[in-house]
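For reference, the structure discussed in these notes is given below.
For reference, chains read A, B and C in written order, and residue numbers begin at 1 within each chain.
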Amino acid sequence: MSALAVEGHAGAHRARKVPLRYRVPMTVSRLSWYALCSLLGITMLVPLLWMISIALKPSSDILQLPPQFLPSAFTWSNFVEGPQQIHFGRLLFNTVIVTVLYVFGSVTSSMLAGYAIARIDFRGRNFWFYLFTFSIFVPGIVTLVPIQRLFFSLNLIDTWWPLFLPAFFGNPVFIFLARQYFASVPRSIDDSAMIDGAGHWRIFTSLMIPLTKPLWITMIIMSFQAAWNDFLNPLVYLNSEEKYTLSIGMANFMGALNEANPQFNYYMASNLLYMLPPLLLFFLAQRYFMTGLGSLVMTGK
Amino acid sequence: MRLSPRRSVRRLLAGLAVAGMTATLLSCGSGDDTSGGTSENPKVTLMTWADPKTRNLYKASLDKFTDKTGIEVELVYVGSAAQYFQKVNSMVLSNTLPDIFWCTTINATFTPLASSGKLFDWTPYLEGTAEGQTKTGLDKSKFGPGYLDFYKVDGKQYGIPNEANTYGAFYNADLFKEAGLPVPTSDWTWEDLFTAIEKLTVTEGAKVTRYGMQTAWGDLYDPVGLSIYSISNGGEAFAPERNWINVSEFSLDPQIEAGAQRWANAIKNGWVTGPDFTATNTFAAFINGQVPLVWGGQWNAAAIFEAKPKMEWGFAPIPAGTATQVAPLESNAFCSPADLENPDATWQVISYMLTDVFNDAYSEYAVAPIAYLPGSEGYFENLKQQGPIGEQVAATVRQELENPEKVGTAFIDPWSPKAGNLIKSHWNPMLEGKRPIKPTLDEYVTKVNELIEAGS
Amino acid sequence: MLMAEGAHIERADPGRPRPDNREPRGLTHRRRNALTAYVFILPTIIGVAVFMLYPLASSLYHAFTQWDGLTPATWTGLDNFRYLFTEDPTFWPSMKATGYFVLLSVPSGMIFGLALAVLLNRAYRGVRIFRTIFYLPVVLPSIAVLTLWKYIYDPLYGLANQVLSALHLPTSDWLQSPRMAMPAIVLVGVWGVGGSMIIFLAGLQNVPSEIYEAARVDGAGPFRMFFAITLPMITPILLLQLVLGLVLAFQAFNQIQVMTGGGPDTATYLFMYKIYTDAFGSYPNLGLATAEAWILFVIIMIVTAITLKTSSMWVFEENK
């Protein structure tokens, strides 16, 4: 298991194991497979297409009854005027900063901890590993009130600190994944480095980081999503509009739409822009999105 | 080991580190720029839940105030009215409340905040006896009756009432005429209401395709609404204290039970939306001519006027019963934190809000009349400019404000949040026909009495 | 442990100078290792102490107090729990709603995820496009998705009723309807089923193809093969998904905050949302909220423990 995991996260998928029975010519069963998948795929996409259509509608279309699926005129200006309603640029800036710090903090701290637990033989490492793993199961809500009090007493309410600071102190899920992954790297690699006099810091930075690229890219993606989507924490910690992140800004945008004249075209246009960064990341690193977690899970087994 | 990935990794890490540091610095920088200017001019922060349009109108009027007095006013907004009170709590706990914030007895936060000493006591300023107080021209005697009492806890004035709300039914006169119904009048009755909503309901088979009435505000058939129903038909409210301050004991009048029966029946038949109906587009649908009646507060009129609906419409008051006609008693207020830095400047802002800002702002956008009566002129002026419909709305609002037969719109004693849970678990299921009416009402009364007793 | 054999080559003669002449001033190799390790895990130790152990202890204490955060907490013993279990009229409805949500959302996520994974575990041309499409909703921010669906469910202007009436099917009030609100929320989760599909796919691809071939030789049909080979082989993944799904379902919050606010009445009043409302929503009732949070914690632990305990009955262990 362990040897396989190293060379191969990418490799295992490239040479996908395909049962023979699937390699069949174009047949009725294959055609119906395409039909079924297309039907399901379109169903999955319809809500998104509908959203794009609303984002392009002129304001006069919004309350039209019965609603039309297509805009009567393509109103690209919604993508400018919509975001202006909520100072989208400001929210985006805030979100990017919080996200970058969160990603950096959680990935570095968890990589270090995972490495130490997997590859350094020291007293108490099992104890710490179990403790870290246990904290995966502690629901955030149990600790939320005391942590909020903590940030009250540190005078950090209504700042971004509570949103990213905890990330710098290890993410239990990441540590668990990292530990599994590091443990699957053959010992012989760092043994030879040790004989050359390399310390753990050097082994970690110059050997392990390149070797574990699928691991930390997956971690970057997961922490990016966690930070970009985080809603409860900004809700609890931020009070000033100019410090809000996009998640809370968008929820407020929806909640504050004028009752008599709700500009859902503006809303949906902004919503699309809000979705754009994660989508870009997805298409850039699709391989890691699609196989990363799955293969890490398989390593962990 | 190839060289390139390692390098790119390093570069990536270095890049992340630099980005991280920059962002930390930035976030530190922007973290403490709220501490206010160092200039001599006092600065007062004012937090509101108003929509962007109203906020801009306030701001324009307050700028004139700044020119006159040198006092700067910063408007603070928490992003959503829905989260307003959550943010207030967070600010209370972290001692970051703005100098003035909108508060209301409808929300359960006011009384505990006041009685735990977290709010500023405005009594001496209101009486004009505070030391070194700047004269502002605010006259205590010009508040409408009952409003100041709402914001008094242990004899101290913790809130200065501002917007006075009224409730009633927005109706689509065209749909009424189409159905052969008389358009609601200022003295229409509960009978008229029930007849109308029954006739206005459209069904297709067993399915309701158009409710006779939609509720955008829940007061109609909650315990307060049924108390109103009961009083207007010669019965009693749930408690003798009609403003719900220091409620002594709950009891069940047969008229309340009769009202509950009627509403449960109306909900069952789809004449009216269920008790927890919270559609976001109710008024949009009303403007579109899709909804014959919407139960709501007078502030909705502003948005309806702005949308320029094609139909004939109006705002009818709470219907009359066989005995009398009842009006709601409700207002929002300005509250301030106990450790207020500059009470005199803050008081000047509050006074100016009541005397000038509301007049200026609401003459542009008719949100609400003001509990401080001279502050209502702008509001009514705007309605007048809206033509006959505006005057009709104004007449209804005036009628409710001037009606001496008033009932508070929410429970405000310390037991009220816990009693609020009973609405979800007992009251609403009763109206939806999932619980029998009489036993549930009895249980409700018993449980509220237990809560009242436990609190005293 | 995997590392035991190779780790201490140098321990044989500790006195010899190191090749790089960096003698660590009297520290043995073992000690130095421990030191390095602790430096590496120090942030996490601090994190666990400050952001988990201390808050756990603090909230456990406050669960037995009356506390609004404004005035000091007063010890009230079991009062909070007694109130919740016997008096609070929304506690049991909230438990019921939570149970219903878990029972609907966890199995539906697993079944649809597995079904999609089986469907897409082929080497047909274009299979990657379908995988991408099914995975797409998972990538989108949850607030963006939830606000979108909230509008989809609008009875008058929403897509859901438009589609249904176009197909001449009965429409619904969706989030306004006590009966449909919860299924509607669960459906949004099913839209994001691509996440579990991907994990199942990884599991399916690890099933050795020789087993299928052997079964084919024995004349097994596709259904037989699915239930006799595929399903048993991926039971470890099923277990993982089940535990993760349960833990997450018990903590569902965004859906409720954005879409229903717990209504109509208590139809979607998930326990997590109730805790949030009690702690932050209205007047802070922090003592009660921490008591509730601990109840949730204990429930999650019990459910997880039962799942893991009973898993030996159905999880197929690979003999290594």
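One rule holds in what follows: contacts are C-beta pairs under 8 Å (C-beta built on N, C-alpha and C of every residue); 3 or more make two chains touch, one makes a residue touch a chain.
For clarity, every value in this text was computed on a predicted model and none was experimentally measured.
Using the average of C-alpha coordinates as each chain's centre, B ends up farthest from chain A. Looking at A-C alongside A-B, one finds more C-beta pairs in contact between the chains of A-C.
Averaging Cα coordinates per chain places chain A and chain B 39 Å apart.
Chain centres here are Cα means. That of chain A falls 14 Å from that of chain C.
Of all residues in chain A, those that touch two or more other chains are 63, 65, 149, 235-236, 248, 251.
Looking at chain B, residues 86, 90, 93, 280-281, 284, 290 sit in touch with two or more other chains.
Contacts with at least two other chains are made by residues 69, 150, 156-157, 280 of chain C. Across the complex, chain B meets chain C through its residues 85-86, 89-90, 92-93, 107-109, 112-113, 116, 118, 207, 273-281, 284-285, 290, 417-418, 421-422, 424-426, 428-429, 432, 447. Looking at the complex, you find that chain C touches chain B at residues 68-71, 88-90, 93, 150, 154-157, 170-171, 176, 178, 261-266, 269, 280-285.
Remark: chain A residues 63, 65, 85, 97, 100-101, 103-105, 108, 148-149, 152, 155, 157-161, 205-207, 209-210, 213, 235-237, 239-241, 243-244, 248-249, 251-252, 255-262 touch chain B in the complex. The touching residues of chain C, when paired with chain A in their complex, are 1-10, 18-20, 22, 30, 33-34, 36-38, 40-41, 43-48, 50-52, 54-56, 58-59, 62, 69, 116, 119-120, 122-124, 126, 129-137, 139-144, 147-152, 156-157, 159, 162-163, 191, 198-199, 201-203, 205-206, 208-209, 212-213, 216, 236-237, 240, 247, 250-251, 253-254, 257-258, 272, 275-276, 279-280, 286, 289-290, 293-294, 296-297, 300-301, 304, 320. By the touch rule above, chain A contacts chain C in their complex via residues 1-2, 12-13, 16-23, 30, 33-34, 36-37, 40-41, 44-48, 50-51, 54, 62-63, 65-67, 69, 109-110, 112-113, 115-123, 125, 128, 131-132, 135, 137-147, 149-150, 166, 168-170, 175, 183, 187-188, 191, 194-197, 199-201, 204, 225, 228-229, 231-232, 235-236, 246-248, 250-251, 254, 264, 267-268, 271, 274-275, 278-279, 281-282, 286, 289-291, 293-295, 297-298, 301.
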